[in-house]
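Take a look at this one; I'll ask things after.
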Amino acid sequence: MIWLTWRQHRKQVLYTAIGLVALGAVMLPTGLSMHHVFNDSGLAACLSKLGTSQVISGNADTCDDQFGQFSRQFSSMGFLAILFLLLPMLVGVFFGAPLVAREVEQGTHRFVWTQTVSRRRWAVAKFGLIAAVTLVFSTIYSLAMDWWSGPLMANSGRMGPLIFDFEGIAPIGYTLFAVALGIFAGTLWKKVLPAMVATLVGFIVVRVLIETLARPRYMSPLTASLPVDSSNQFNGDSGAWIYGNGVVNGAGKLVLPNSSIGCGSNGNIAVSGAVPDNVDPCGGLVSQGLGPGPFFNSTRYQPAGRFWEFQGIETGIFLALAAILIYFAIRRLSRIG
Amino acid sequence: MNDVGTVLTDTAIETDGLGKRYKRTWALQDCALHLPAGRIAALVGPNGAGKTTLLHMAVGLLRPDAGSVRIFGKDPYSNAEVLAEIGFVAQETPLYRDFTAQELVTLGGKLNRTWDAALARERLSGLGIAPNLPVGKLSGGQRAQVALALALAKRPRLLLLDEPIAALDPLARHEFMQTLMGAVAETGTTVLLSSHMLADLERACDYLILLQTAHVQLSGSVEDLLETHRTLVGPRTDSEQVPGVAEVIRGSHTDRQSTLLVRTNGPITDPAWIEHEVTLEDLVLAYLAKADTRATRTAWDVKA
Amino acid sequence: MIEFVLDGRSRVSTYMQLVLQVKQALRVGLLEPGDQLPRVREVAGSLAINPNTVLKAYRELEIEGLAEGRPGVGTFVTGTLAGSSLTSQAELREDLVAWLLKAEAAGLSPEDITALIDTTMRAVGSGPVRKEAR
């Protein structure tokens, strides 16, 4: 079966390898350039000085200016980043979907399943080998993506939506899931093109659902409450995933959503976010009818330190989905004549 | 089978009430067959009669919805080892089109326990088939020969061929049958091959299975069938009771004369009837007409 | 070694055609005792017919004492078409020609003649009893 699987799919494996090498040829110079500028422009130094604690001094330099400059210089890298996001799906569509679908569409399953190997052994060997190859490829590009995207994500951290998707080991889970989805789609549609379309659509739907509905709930978010008159602020560059922030009054009601206020004792006023024009942030919020004091800047967030736990949970979910799909795919095989 | 000939007494294919359903229609129903080993059997019937369904169940590709099928006593769907004794060529001879003939021989060796690669190579070289050309580039006839050679390399006890020559030109057809008959002469393999045209198989087969509308209409050794059927010509009669006649398969009448194709269960003693032997083609046509379910004139409201 | 041909349109069964061809070959001297008949595999493979048919033909020849199968080697011609010397055949032929002329003169058509011969043979009980072929 090893010989057969290789001989049947060697072209696909070769093209994928070539594609990855081509990708690497683009990633290497751009990645080196980004790392270079990141260190030399002082952005790295600024961020390390800022540190990763959740709460920082109110007048600390948040490196936003330097980062703005950096991202303007590398604004075109966004396209590559989108490509990386699509990679797992492409592998699933072009590698996984034709696996069973082409075999059945061309009728060769009636040839190979009537040699002495049983359908189950054929499936286990073939899917297992493809999974192993997928694992190797996805680990390679996952590591490459981690390295390449480091400078770009240094500001916002790795927990945020979409950014999380190409960090750590998540791409490995997505890719194995995509391939399993392709295989399963092949057992349902038994024709290559519909299976590919179904894989594409299915992958996007599942990813969107998990990212928007499940991921925020993996662990309960933490809440940081800082008094509005404190001299400290929440560190937005700590790499945390911020669900939302706002000003909360003494009764716990959110009175100024998406904003934060710093009414320093030394008269400094720091306001950010969407404070409405008719509200004077430091001119006595109680008197403006916003309810009883004291007032707090409240931020709901997942701390950056939970990154690997979240990666583990998400990858685990996608691997479990992959396993379930493969199980049902093998079961469906027994009904194909 | 050497020149003197040996007879195997076990049953190659045994089915009992075998049936397969797709959604609500039965593609095959109540199929009871008993094919002795050593025969070359023709599975004949119009398209859609259930031939492919029967063959797929015999080779373990499909699971029966009713009844059972046994190949040399074993169930092919649940026992993958039985596949070692069955050589199968599906309709339109599916092969990996980008593999060369040489690679397909290698493939067989990897996926089969008993594999005679030397035999396959010998056959293919004898037929002049290039080993290093992707088989998709071969002619239809050559591809069919490759498929047959691969099936024979398993040294199977049973060969199942689904319409192997339907899409071939007359020369390729003849060459395929030549190869098949030569191989069977050497090995004594039991063969079941299907076709929607009897003419292709008549000289090769000594057993007939006739399928129509998902049912077996007729089955038996050709010798027995020809011995037990006659065409009787005699004076007009509407009676079905003729001494020696078990069943009238088909009758046509003029005002003075009746012509009956009958199955006999004894000698025809009534001198009013002139007996003629039947050909296999006559027989098949008569049984097909009997089972024909096409709309009658009345359905179209056409006056008789 | 002789080579067989088949007449696809003949009403004579395949195995009988093979038997008749061997007998014809014996008659004209193409085959002599000791000659080997073509191997079953060769005949089946070249004519694309069932090997059992060839076996049946060879068995028929064995029964009639014209051939003998040697396991592992082949089937060999053993007999000749004896039973009637050439001289008595010539005599019978002459008689037959005379009778045929008489029958023609009496107004019988070829079909009448064949039918007459058939029914007489059947009645007398000599020769193979054949059902009427179409």
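Going by the order they are written in, the chains are A, B and C; count residues from 1 in each one.
Following the convention adopted for this analysis, a residue touches a chain if its C-beta (ideal position, glycine included) is under 8 Å from a C-beta of that chain, and two chains touch if they have at least 3 such contacts.
In this text, all values refer to a predicted model and were calculated from it rather than measured experimentally.
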| item | value |
| --- | --- |
| Nearest-to-centre chain - CA centroid comparison | B |
| Remotest chain, chain C as reference, centres from CA atoms | A |
| CA centroid of chain B to CA centroid of chain C, Å | 32 |
| Centroid distance [mean C-alpha coordinates] between chain B and chain A, Å | 59 |
| Where chain A and chain C are represented by their mean Cα positions, the distance between them in whole Å | 88 |
| Sequence positions of chain A contacting 2 or more other chains | none |
| Chain B partner contacts - residues on chain C that touch it in the complex | 6, 14, 39-42, 44-55, 58, 69, 71-75, 131-134 |
| Chain B residues within the chain C interface of the complex | 1-5, 40, 174, 177-182, 184-186, 203-206, 274-277 |
| Residue ranges of chain B in contact with chain A within the complex | 56, 59-63, 80-81, 83-84, 86, 88, 90-92, 94-97, 99, 103, 106-108, 110-113, 147, 154 |
| Chain B-facing residues of chain A, complex | 1, 3-4, 7-8, 106-108, 110-119, 121, 334-335, 337 |
